[in-house]
Structures are given as C-alpha cells and as structure tokens.
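Labels for the chains are A, B, C and D, by order of writing; each one numbers its residues from 1.
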Amino acid sequence: MSTQVNDDSALVERAARRLEWIRSRMPLLAGAREHFAQTQPFAGHTIGMSLHLEPKTAILVETLAAGGATVVGTGNHGSTQDDIAAFLRSQGLTIFGRRDDTLEQHHENVAAVLDARPSILLDNGADLAAGVIARGSVAGVGGGESSEGSADLGGAAVLGGTEETTSGANRLRAELAGRVPFPVIVINDSVLKQIGENRHAVGQSVVESFMRITNLMIPGARFVVVGYGWCGRGVAQYLRSLGGKVAIAEIDELKAFEAALDGYRVDSAVGLASWADVVITATGQPGVVGPEVFAELSDGVVLANCGHFPWEIDVPALMASATKAVAVDEAIDRIELPDGRSVVLIAQGRMFNLAGREPKGNSIQSMDLGFMLQALSLERVALGAAGLVAGAQPVPDDIERTIARRLLASMAASL
Amino acid sequence: MSTQVNDDSALVERAARRLEWIRSRMPLLAGAREHFAQTQPFAGHTIGMSLHLEPKTAILVETLAAGGATVVGTGNHGSTQDDIAAFLRSQGLTIFGRRDDTLEQHHENVAAVLDARPSILLDNGADLAAGVIARGSVAGVGGGESSEGSADLGGAAVLGGTEETTSGANRLRAELAGRVPFPVIVINDSVLKQIGENRHAVGQSVVESFMRITNLMIPGARFVVVGYGWCGRGVAQYLRSLGGKVAIAEIDELKAFEAALDGYRVDSAVGLASWADVVITATGQPGVVGPEVFAELSDGVVLANCGHFPWEIDVPALMASATKAVAVDEAIDRIELPDGRSVVLIAQGRMFNLAGREPKGNSIQSMDLGFMLQALSLERVALGAAGLVAGAQPVPDDIERTIARRLLASMAASL
Amino acid sequence: MSTQVNDDSALVERAARRLEWIRSRMPLLAGAREHFAQTQPFAGHTIGMSLHLEPKTAILVETLAAGGATVVGTGNHGSTQDDIAAFLRSQGLTIFGRRDDTLEQHHENVAAVLDARPSILLDNGADLAAGVIARGSVAGVGGGESSEGSADLGGAAVLGGTEETTSGANRLRAELAGRVPFPVIVINDSVLKQIGENRHAVGQSVVESFMRITNLMIPGARFVVVGYGWCGRGVAQYLRSLGGKVAIAEIDELKAFEAALDGYRVDSAVGLASWADVVITATGQPGVVGPEVFAELSDGVVLANCGHFPWEIDVPALMASATKAVAVDEAIDRIELPDGRSVVLIAQGRMFNLAGREPKGNSIQSMDLGFMLQALSLERVALGAAGLVAGAQPVPDDIERTIARRLLASMAASL
Amino acid sequence: MSTQVNDDSALVERAARRLEWIRSRMPLLAGAREHFAQTQPFAGHTIGMSLHLEPKTAILVETLAAGGATVVGTGNHGSTQDDIAAFLRSQGLTIFGRRDDTLEQHHENVAAVLDARPSILLDNGADLAAGVIARGSVAGVGGGESSEGSADLGGAAVLGGTEETTSGANRLRAELAGRVPFPVIVINDSVLKQIGENRHAVGQSVVESFMRITNLMIPGARFVVVGYGWCGRGVAQYLRSLGGKVAIAEIDELKAFEAALDGYRVDSAVGLASWADVVITATGQPGVVGPEVFAELSDGVVLANCGHFPWEIDVPALMASATKAVAVDEAIDRIELPDGRSVVLIAQGRMFNLAGREPKGNSIQSMDLGFMLQALSLERVALGAAGLVAGAQPVPDDIERTIARRLLASMAASL
C-alpha cells in the first residue's frame, strides 16, 4: 500500500518558513510561476513525479501547480523530507511517501503515481517511463505533433516528459530503446547544468561538505581527485582555490592532458595513493578506488565519493580486509587494516555532499537553474510542441538560451 | 552556586567517540602529551581554566593533565558542550558549568575556579586574572625568577598564566595595568596564530559557515568585506577563490592600499552598500555597518559578522527601524524595512562562523596549532622560566619557532 | 620571381644557436624525429609548405626532413625570420622568401612551392590547396584508399595534407567545397590545440605581451575581454590570476553564462566601455569594438586585439574620427579624439601577442604540441592511411590521444 | 674625468616620445610636479643624485626640477640609458655618465656630483653619503630642527637626503654609524614599497621576464622559489597563479610556516632540487644555491636569480665544475656538467628581471609609487621638518598614508 499520511500543522508551519527563504532565492522559478499562472500550460494535465523530495523540489512543484497541473508525486527512497511533503499536501497536492518507508512501500508509492494516470512524467532514473511501458497499452509513436504519439495508460495518454538523470537517459536509450512512444527531455546533459551544477555547484558543495563533516584544514592538505569530468574539474578547482594541493587521476588521456595544463599533478590513482591525505572519487564508474589503491594508502587517509553511485570506492573489498570499523562521528568511520594502518571512510562511500548532519545539497540558485530546465521542458512537452521526437533527447537549445539569459539578468549581467 | 553535574555514561561515551576523531588529527598536542607525560612540568600545580568548552579544548585539557596538572575549569557562557564536560569529569577533572547556565551561574562557576586556588591561569578575557587581583592578597612582583613574584590567593601562589584573547590582553594593559604581578603570555598576538588561525582558519570557516547556513551560491555573488586585517584578508581571499566578487571597505589607508593591489575593489562601506549581495564585517569595532549603510542596501542583501563582538553590525538600530522580523531558518532572520526592502541578518550579528546548526568552528589542525601555543606557554610559566616579565607579553619567539617546525614536520615539510 | 637568397654564414650560425635552445625544449618533435629517421614515412615525397617561418617552425621542418621528406616551403607574408630561413637552406632545404618581400613576391614564393610539385601539402589558409585546384589537372576523389583519390599536378599527385587554421578549413568547406579530391587534416580544431594553445598558450602569451609592450601594472587594473571562446577564456583567466579585475563581453548566452559562473562581471562591450582601463578582443569577428564602444571609453584606455585578423577593433573608424595619432613607443599609438579624450592603440589592432619588440609568440612547449599534431597528421597522410576522406576533416582521435600521452610523459605525468 | 657628453637631437627626440607614454601613467608624480611648481620646496637647493638612470627616473628628476631644485646626478654603473640622459641634459640638468663608462669613470661621475656641493642627497647604496663624510668638514649633528645639524661640504651644507636601498641603509647603520649628521630617509623599508614593489611589482616582473627570456610554458612547470620574503612571496604567487607548480625553500621557520599554509610544498633547497624544472632565488643572501643543490638538479633545469646581488646562485662554483658553457640565446647559457647533465643559467645569475633584450623593469605605476616616496621624503628634508633625526630612518608614516590615499584615488578607490 502506498504511504498516505495525516500531517500535523506544526510540520507544515516549519516547512512553510524554510521554504520562504528558499523561494526568495529562486528568481527563475518565480518568473516561470508568474508566467504559468497566466498561460496555464498544464491545465487539464496530471504530472506524475518521481523526484528527490527536499525543499527546493517543493518550489518546482508549486510552479507546476501554478500552471494548472494536477501534481501526483513521490520522492526517492529514503530521502523524503516529511515536513516538505506535509506542506505540499497542505497545498492540495497528492504526495506519497515518508522518510522511513521500506523499499517495498516506495515501489508502491511509484505505482500509486502511475495509478493516477499522469499525462506528463517528471521522471528520475526512468522509473515512471518503465512503469508506463510495463503496464502496456501504449499506443503509437510520434513526436508530440499529434496525440497518436502518446502512450495510453488505460484511458489517459502520456504526452511525454522529462528525465532528470543521465542513468535514466541511458536506460531509455538501451533497455527501453524503441519502446518509448513519447518524447522524454533529458535534463542532465544540458550545458547549463554541466557548468552550473556539475562543475560549480558540486565543486562548492563538496568543499562545504568536506569541511562540515570532517572539520579538517584544507590549505596545505593533499587531495587526489579521481576523475576529471565536469564534477571532477569543479571539485579540483574548488579544493585548490582553498589552498589544497590537488592531484588528478584520470584514465582518458585528453582529460588528463587538460588537468596537467590546468597545473595539476597527474598520475594514476595507484601512483598517487601514497601521497594522498584525502581521496575523492568523481567518475561514475565502479571500483575506481579498490584493493591496489588501498594497498598504497598512508595511515589515516580520508576516502570520500561524490559520484552518484556508492560503488566508486570498493567498500565491500575494504571491509572484507578490515580488522575493525569504528563509527567515530556522524558519517565518519575509521576502518582498521591488519597491517596497522587505518583509513577514514566518509559516508560509507555514498555521495558525501548529501551526507552527514544537515546536508544542504547544491546551492539554491543552482537548483533554480536546474529546475527551470525542468519547468520549461515540461511546458514544451505539455504544449505538444513541434520539434520533439519520441524517446530521449536533449533540452532544446532555445530553452537553454532563454534560461541562460534570465540567469544572467538575475545576476545583473547582460549580453 | 556553581553548577556541578552528575553526568550519565551515554553522554560520556558519545563524547569519547567524537574526541577520538579529533584527537587523531591533533599531532602537535599528541607530541606535547607524550613529552609532558615524561617531564611532568605541571606536577603539583593547579591550572585554573576559563575557555570555550568544545571538543578541541578537551584535547588541550588532557594534555595538561598528562603533564601532572590538576585542572579546574569552566567554559564560556552559553557555549559549553555538555557531553564534552561530562567526558572530562569522567577523567577525574573538575569542570563547572553546563550549556544552559544563567549568567549568574556562569559567574559562580568562574568564582569556583578561583576558589580552587590555581597556581597557573589559562585565561580568556582576563576574567581569572581580574578575579585573582580583586581578591587581593597578591604579593610582590617579578618575572618568574622567584616565587616572590607570584600572587598569593590565600595560601597558594599564582605563578603566571596565559591569555587567549586580544581583548583580555588589552584589559591587562589598561584596566589592570601595573597590578598584575605575574607574567601572562598573550596567545592571540602570535604570528603563527595570525596566519594560521585568523587568516586561514577563519577564512575557511567563514566560507564553510556561509554555505552551511544560507545554502547560497558563491560564484558570481557580490561580497563586501568590511575590514582588511588578518581575518578580513582571509575571508576576502577564500570568498574570491571560490568565485565570489569581493570588494573591501577599510579605513586604514595602508591596508586599503594592500587590498587594492591584491586586486580587490576598494571603497567605503557606504559606497559599496548598493552593490553588495552580502556584507561581512571583520573589524573588531562597533557599528561599522550602521544606518548610513542600511540606507543604501539593495533589497534582500545578506548581513553577517565574523568579528568577536556582536556589535559590528548595528543590530539595535536595524531593529528599531524595522517593521517586522521573521526567523526564516536557523540563524537566518529577514528584517523588513518600511520602504519595502528587506535585509537578511545572519546569527543576529553574532560571530556567524560559530552559529547555526552544527557549527564546527575552526579546523582541527588550526586549533592544534593554537592550543600548542597554550601548552608550551603554560609549560614555560610552570617552569618559572627566566625571560618572562610581570604583565601581558607576547609568546616567546623560540616557542613560535619550535611549533612552526613541528607543524611543518606534521605537513611533511622541512626547512 | 620568387625570392631565392644567398645567405651568409653569420646568419646561419646565429640561427643555429637560437635553435639549440628551442630544440632542447621540444621533446615531442624530438621523439618523432627519431622515429621518422628509422621509418622514413616521407621517403620519396615532396612536402610543400606554407607556414609562419620562425624558429619553432624550423624544428618541425627538420623533423619532416628526418623522415625522408624533400621540403619546399615559404613563410607568411612579412613574418619570415631571415636567419631561420638561412639555416634551413644551409641544411639543404628549399625555402623561398625573406622578411621584406612585397606581397607580389610572396605570391610568387607560393607559386614556386607549387612548381615543385609537392605530393603532400602543409597548408595555411588553404593557399596551397587552392593553388593546386586552380592549376587544374586534379583527378579523381577519394579518401586515401587508392591513389586515384589524389590530385595530379602535372605528373606528381597530391596525396593530401594538413591545414593549420580554422579559416583555411572554412575555405575548404565553403569556397572549395566538393573540389578537394584529397584529404586535408585540420589542425586547429583539435581538442589538444584548443586547450593547450588557444586557452593556455595564448593566455600566457597575452599577459606576457601586455606587460612587455606597455609596462603597465596588472593588479588592480580593469580589463574587458571581448569574446569568451577558447582564447578569451585563457586571456581572462591569466589576467585575473595576476590580480587584474576582469569583465567579459560575449554575445553567445551560453558562454556569457559560463563567464558569469566563472565569477566574471558580464555585460555588453558598450555597457563595460566606461569602466575599462584596457579592452582586449578575442572573437574572430570584425568590428566588435567600434564607434558605439569608442564613444563610451574613458580617457587613456588601452585597446588591443589578440584575434587572428586585425579587424576586431574598427581601426579605420577610430582613425577617421581622430584629430591626431602619435607613435609613443614601439607598438603603442596614442589616438587623440576631438572631445579631448585619447585612446591608446596597441599594435594598430593586429594580433598583439606577436607584436612589439622581440615578440616570442606561444611558448615552446605549446608549439611542440601543435607541431606534433602536424607531424603525425602528415605521416598519416603520407602512409595513405585508411580512415581519411577527401576534404577537410579533424585530426584523427588516435593521434590526439597518442600525443596527449606523450605530452603527459614529458611532464612526468601518467594515466 | 667625469663623462660629460654632447648629445645629438635624435637621441633627445627618441627619449621625449618614450617619456610621454611613461609620464602619462605616473599620476602621483604628476600631482607632485604640479604642487611643487607652486610651492617650490627645493628653491635654492642642489639635489645630488645617484640612481639607476632609466625612463621612469627621468620623470622623478623632472618633478624635483619643477620644485625649484638644481639637479646634479649620475646613474648606476653600466645601466645608464643614453637617450634618457641626453633628454635630461637638454632640459638643462647636469647629468654625468653614459652606458659604456668604465668603473673608474663611474667613480669620477659620483665625485663630480659631490663637487657640485649638493645640499640634499638622493642616494643609492650610500655612495653619496659616504663621499660627503669622507670629504670631512661635516659639522654638528641634529634632526633638521636647525641648520646646525647639517653637514658642511666646504661652504654648502647637506640638509639631509634619501636612500633607495636596504643595503645602503645597512651601511649607514653599520659602517657609517654615528657619523651621519643629517637625516636620511630610507625608502626601501616602506610598507607601501614592500607590498607595491617587492611583492606585486617584482612578482609581475619576474613572470614577465621568465616568459620573455625563456619562452617556456608556465602551466604545469615545477618551480622552486628560494626565499619567502616580500619578493619570494610575490614571485611564488604570480608563478602559481599562472598555473606553475611552486615549492618554497626558506630557512626562517615562521616564513616557511606561512608558505606551507599558503598551500605551497615546503622543503629545503637540496630536498627540492631533483623535483625542480626551474629554481629562482630571492633571498638577498650569498650562495643559497650552491654545490649541494647543483649535485641534485635534473638535467636541463633552469636557474635564475631575482635578488639584488648576483651572488645567490654560486656561479663561480658552477663554472668551476663545468665542462663547457654555451651562450644559447640572449641571457641564456647552457652549462654542461661532467656527469652529462646540463644546467641552464639565466642572466649569469644577475637580477634577471632586468636582464635580456628589452627589459622593462617594474611596472610604471609601481615606480610612480616608489618615486613618490622619494619626492615627498625629499620635500620633507628640504623643508627641514621637525620629526627627522640624524641618520637612517623610515619614511614618515604620514607620507606613507598620503601616498596610499592618492594611489587609491588614482585607482578610483576610496576609504
């Protein structure tokens, strides 16, 4: 059974105040909210949502509701903030789930979203799209030019939707290839998002979280950043700018070259292991820091991951070789090794900029940017605009440019 | 009555684990602890302590106790961490006070420390020194060469001590001038501390706290830093290095000149007010951001202070002119002004890098440095070393150099 | 008539010594030279070359000659360094041209290169390719799979070649589209070149040249960089890192967005004009700084261009409105305007990092990189390798990766 | 015999144009020139000058002359720019010396300055002060309160003067201690100069000169800076900001500590030698890079010095152990060692930011600052102001502050 809740008003009030601060710093969504309130692009539509349920998400949801949408949603497993969910329910939206849901309950919440027969999907990891397709009765294929191209969910038709993540996009392009009859705009590959979020917001958030969780000194400390993609570049830049000594391990020679000219020491993870005070992974790949690296680490080195999946540091292998693991502080474990060395593992290898006490996540303005990509992409889908095709596709260039201009204006900049 | 407490073992256990992490990152104190354990410099001495009671302080206290000291102490008003105090008591130390003490109780705690007749003072704001002198019975004056130079507290004699703060030093040099018969080594004016703590640790801590409390984006945001002393330099440097646009207001033309050549925009606080997104004060002076500045601020500007006293932003004047004040989040208030603008005040103008949920304070290693200055200065006093004179004086140069060498060694650097 | 010269041995000796220093810092070409000496990829081939003739070029030419090539070449108009040309002649190569050639003589030099019936072209602005095609007798089309695909120059056949510039590539793709029967590898669009040269080497060279020519102070000075492409990013980064205040004018909103998040002030060129102390153009477009910008400039502002063409600053319009122009120093003119302001024009709007006394151009190692792209691309053409197609095309990915790995090794870095 | 010259008008004209550019960028001296023209502080005085004779110096001399001074001067040995000297003579000033003077002629030029019986000295290395004292007939001692305190040079009296360098100041305080009856204001120890010149201007000038002379790539290259004083801090900062990897060797533990917290690798010169691509000395001390360092250097390492004296790199020892020395380019020698390694020596160990073709020296504005300290200090001496004492002394604080304010104003900044 999906988790429906009776929320008390104290929770709602607490959320209302937190949201006020955040809302006041999301000017792009504020503009969209005002515009949608007049144009009602989502009138008559139900938006089915599956997205991390935290305060900034609530501002996106409000914005869609202001545009006439009936929003039926649920969060990710384990991260739903109950006061935020309560607040959204108090505004008349249908939100399933609470923080301590079991995985089974979470799946039931997703099913409950699909039961509401959404005509538009705001998806995350392609869970909703896969569900729609699994339920069958999807008719025709097309690009939004006509309603024939939409998927039928036993009556209602899915016009299309958005997908937040690259892994969801990969699923649409591989596992579900050829079976997605409606357009899905992939938010994560946008240039704006890569620069604004992956590079700058993650860079900022990683240094903030490192300081918040460990309380260690950055100037003079030796960091190895594994991966020099958008996130790795940001993490390396922000750490170095705070006085850290930064070295890069990267397996793509073109990016390694870029790192070297950016002035970083470049070597393999194994080659850098004995030099490191701290190792941070940002590759998206499994096991990039594994036994051969563990073997070379100095005593007391700190290991942390900011990639999406908790598999970049091979924690099972580390644990298997450990003699003891002590939780020394929130999100800090000391893993003792048979040879007398110990290793400090942050957040058990999970994305550590969302871990520890009071994680803030990416900056408010960077989420204003990211959610604005969602809002305008969903509007484009709702309007059944020409130019969209069935399946996964990038954010339309004109949307990127519109948002870039508005963000510049919000920073008092112009072309 | 001073606050003596029966602590439960859960508190003690929690503290023990937190301290383990911190202790493992304070190598300088670890070295001193080992050395003191052998040389017992404090054998037979009671150290009376008045110092902010947080985890890093506990490591200092342990170190003194290992050197044979009987430590009798209390914290600052309102900041004592109860688990840490409990832990120290469980180790047999006498620690007065708890977080929710009234001001009156706090004064009684200080009195209780004096009642223990300490022979050495670890002081903060000169409270203990003033208390000793007020209690009279201080005999003779001298520089530690003989016990005649010490202050008698009804039997016991004060050999000397340390003072953590510059304001305490000012009190010793003004209000108490000529009346301090024992040497007091002033920690805060040490070059190591100015560079290691005021510049780098405060710089790091301010950017961390700004991000932790506000969750705002730093790159592209416009910061005005008021004051370009040791802290201001650090704050400006760290904000700029994260991509902030930084301008400096400074009334000393030589420092303003330095700021200008360091590449900052330099102007008066009033001249910069309308440009600012965020204003951060770091001057040590009252009212540096007052009504004339408030008058020019843009709507929504954020105000924060990292100076020691909560008076740099003229909060009473701001409140007097406000129509409404709303607490929007922990340590964030929105102050509404009659002309429709609002101002966002962080931590009500108090030192904001120690405010908000889960403040961490300065980095562990920077406190290792600061407390090492304490440990070796107290040892110097305990040994009644030649070279010390009655009254406030800087940390002896050889102590600074010894610590610099050890810190370099701990960073794997050498001369 | 092409300019053939009898060179004296003093010139040759001077060049030999200069080249020794440069050769010692081009490890990539050194490696290629050794390899080519064994494999002789150019045996039996004549390479026709048209390329800026300065010391680093000579090292490329040596490398090709070591691989068995007969090199017949000429420089750009007006930039040939006579001692370098003399040196190459003394090594048995056929080099036409000298620094003070007229434009007509320069054209004759290019024709003389074509007369030598090269089988491989090392081209610059597509002059040689256009000449070959204009001379007709080009047979067949193909991608190196067979010799039919080559162009016949009255006996010899053009196998293919390289093109150094983007503008040459544009010519091949527009003006000569469909008429180029052999493969031409375009060097300038390589990722390695964009990062290694346009961003980092031009950034370095522009700050060096600004200081060398003007002797002005960078910290605190206000720079407007027009264009935030590869060159603009580098120029902005290097100026800011030296303490300059930098603002960006950019017409592409995505790049303007990037600049804003990189922490720069962003506005239109006109909007920034009155703020600027110095304006530097890097757009590749004509007239980006013209009358509307001139109208807003402060008195004494410095104008410079680092884009390829001397048209980015509208110098004719500036001169037309001037009352007087005074040459105050090498590459520095003061242009007086009727309203009493004056403007300081560097190098008359030409690419100023190659202007003034003793210009050095890009760093030796960055040219080692760029010329290595040439050397391996020419080898690929000479070997008639599969994978090449007729017309302009990017540097093959495996060549980029090979060079990246070697450059990393030369910097003592590894993957 | 001193070198008096008949200058041709071509030289004078060339200088006049060069000076125009420089004069237009020295706003502080322009202000002083205007003020002095009205107040005539130097009326009736002869200023005897011994100072590096390059274009910026000429603007200082003009300024003094505008204030009524009769200027009689000479340059340093070997650095006089003949066109500048010619220009000054054409303005009616008495300037001795030319670039190719012998050392003997140089001494005669200094003597000729003294023969002119200057009442005020603008000194450099204390040559003039020592000469005055050696000539005897110095009467009385005092601090400018009365003319008794001045030195008599056979009729005329020396009121006092300025000394540009720290080494001159040391001479006044040691060798000439107690024998200098007039006040000498030491320019070099001014805070403005340390920050504005030693740190920022030398930092800028060193990176410019390194690029200009060697044409090497900075990003990714490994620099060891020996000495972390004012110059070393600047050099390290500017190199790192351009992407260089920078390590510091420093024997003062407090400065080494500062360097470590500033994020640099810190070690001994010997410990860093094998890591270095480039070594730059900035200590003011002899032999800081000597045989033990040479023994560890990698093949091809570049050695340069920016300290005042050419003794920081032990060039004689290097040469003694060399098998061959080849001049590969202007200011670049390759020194071959018996074990097959070679070392690249820049400017034979002399201050390399004034070496090579077309050295520019410090930026114009930084010299405007330095010479403004001269101008106002000389005015203070001329006015026989109270507050000056006999012998070497710092620049009066009010002069520093006045200049700081004007420089801020010239950068459009204010307090």
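Note that in this section a residue touches a chain if its C-beta (ideal position, glycine included) is under 8 Å from a C-beta of that chain, and two chains touch if they have at least 3 such contacts.
Owing to the predicted nature of the structure, the values given are computational and were not obtained by experimental measurement.
Undergrad: Report the chain whose mean Cα position is at the greatest distance from that of chain B.
TA: C
Undergrad: How many angstrom lie between the centres of chain C and chain D, each centre taken as the mean Cα position?
TA: 38
Undergrad: Approximately how many whole Å separate the CA-defined centres of chain A and chain D?
TA: Whole-Å distance between the two chain centres: 57.
Undergrad: Roughly how far is chain A from chain C, centre to centre by C-alpha average, rounded to an integer in Å?
TA: Taking the average C-alpha coordinate of chain A and of chain C, the gap between them is 42 Å.
Undergrad: Touching two or more other chains, which residues of chain A qualify?
TA: Within chain A, residues 200, 219-220, 243, 260-261, 265, 411 contact more than one other chain.
Undergrad: In graph terms, with chains as vertices and touches as edges, which category applies: line, ring, star, complete, or other?
TA: It is complete, because no pair of chains fails to touch.
Undergrad: What does chain C use to touch chain D in their complex?
TA: 17-18, 20-22, 24-25, 200-201, 204-205, 207-208, 211-212, 215-220, 238, 241-243, 300, 326-329, 332, 334, 357-358, 360-361, 363-366, 411
Undergrad: Which stretch or stretches of chain D touch chain A in the complex?
TA: 219-220, 240, 243-245, 260-263, 265
Undergrad: For the complex, give me every residue of chain B touching chain D.
TA: Residues 191-192, 195-196, 199-200, 250-251, 253-254, 256-258, 260-261, 265-268, 271, 400-401, 404-405, 407-408, 411, 413-415.
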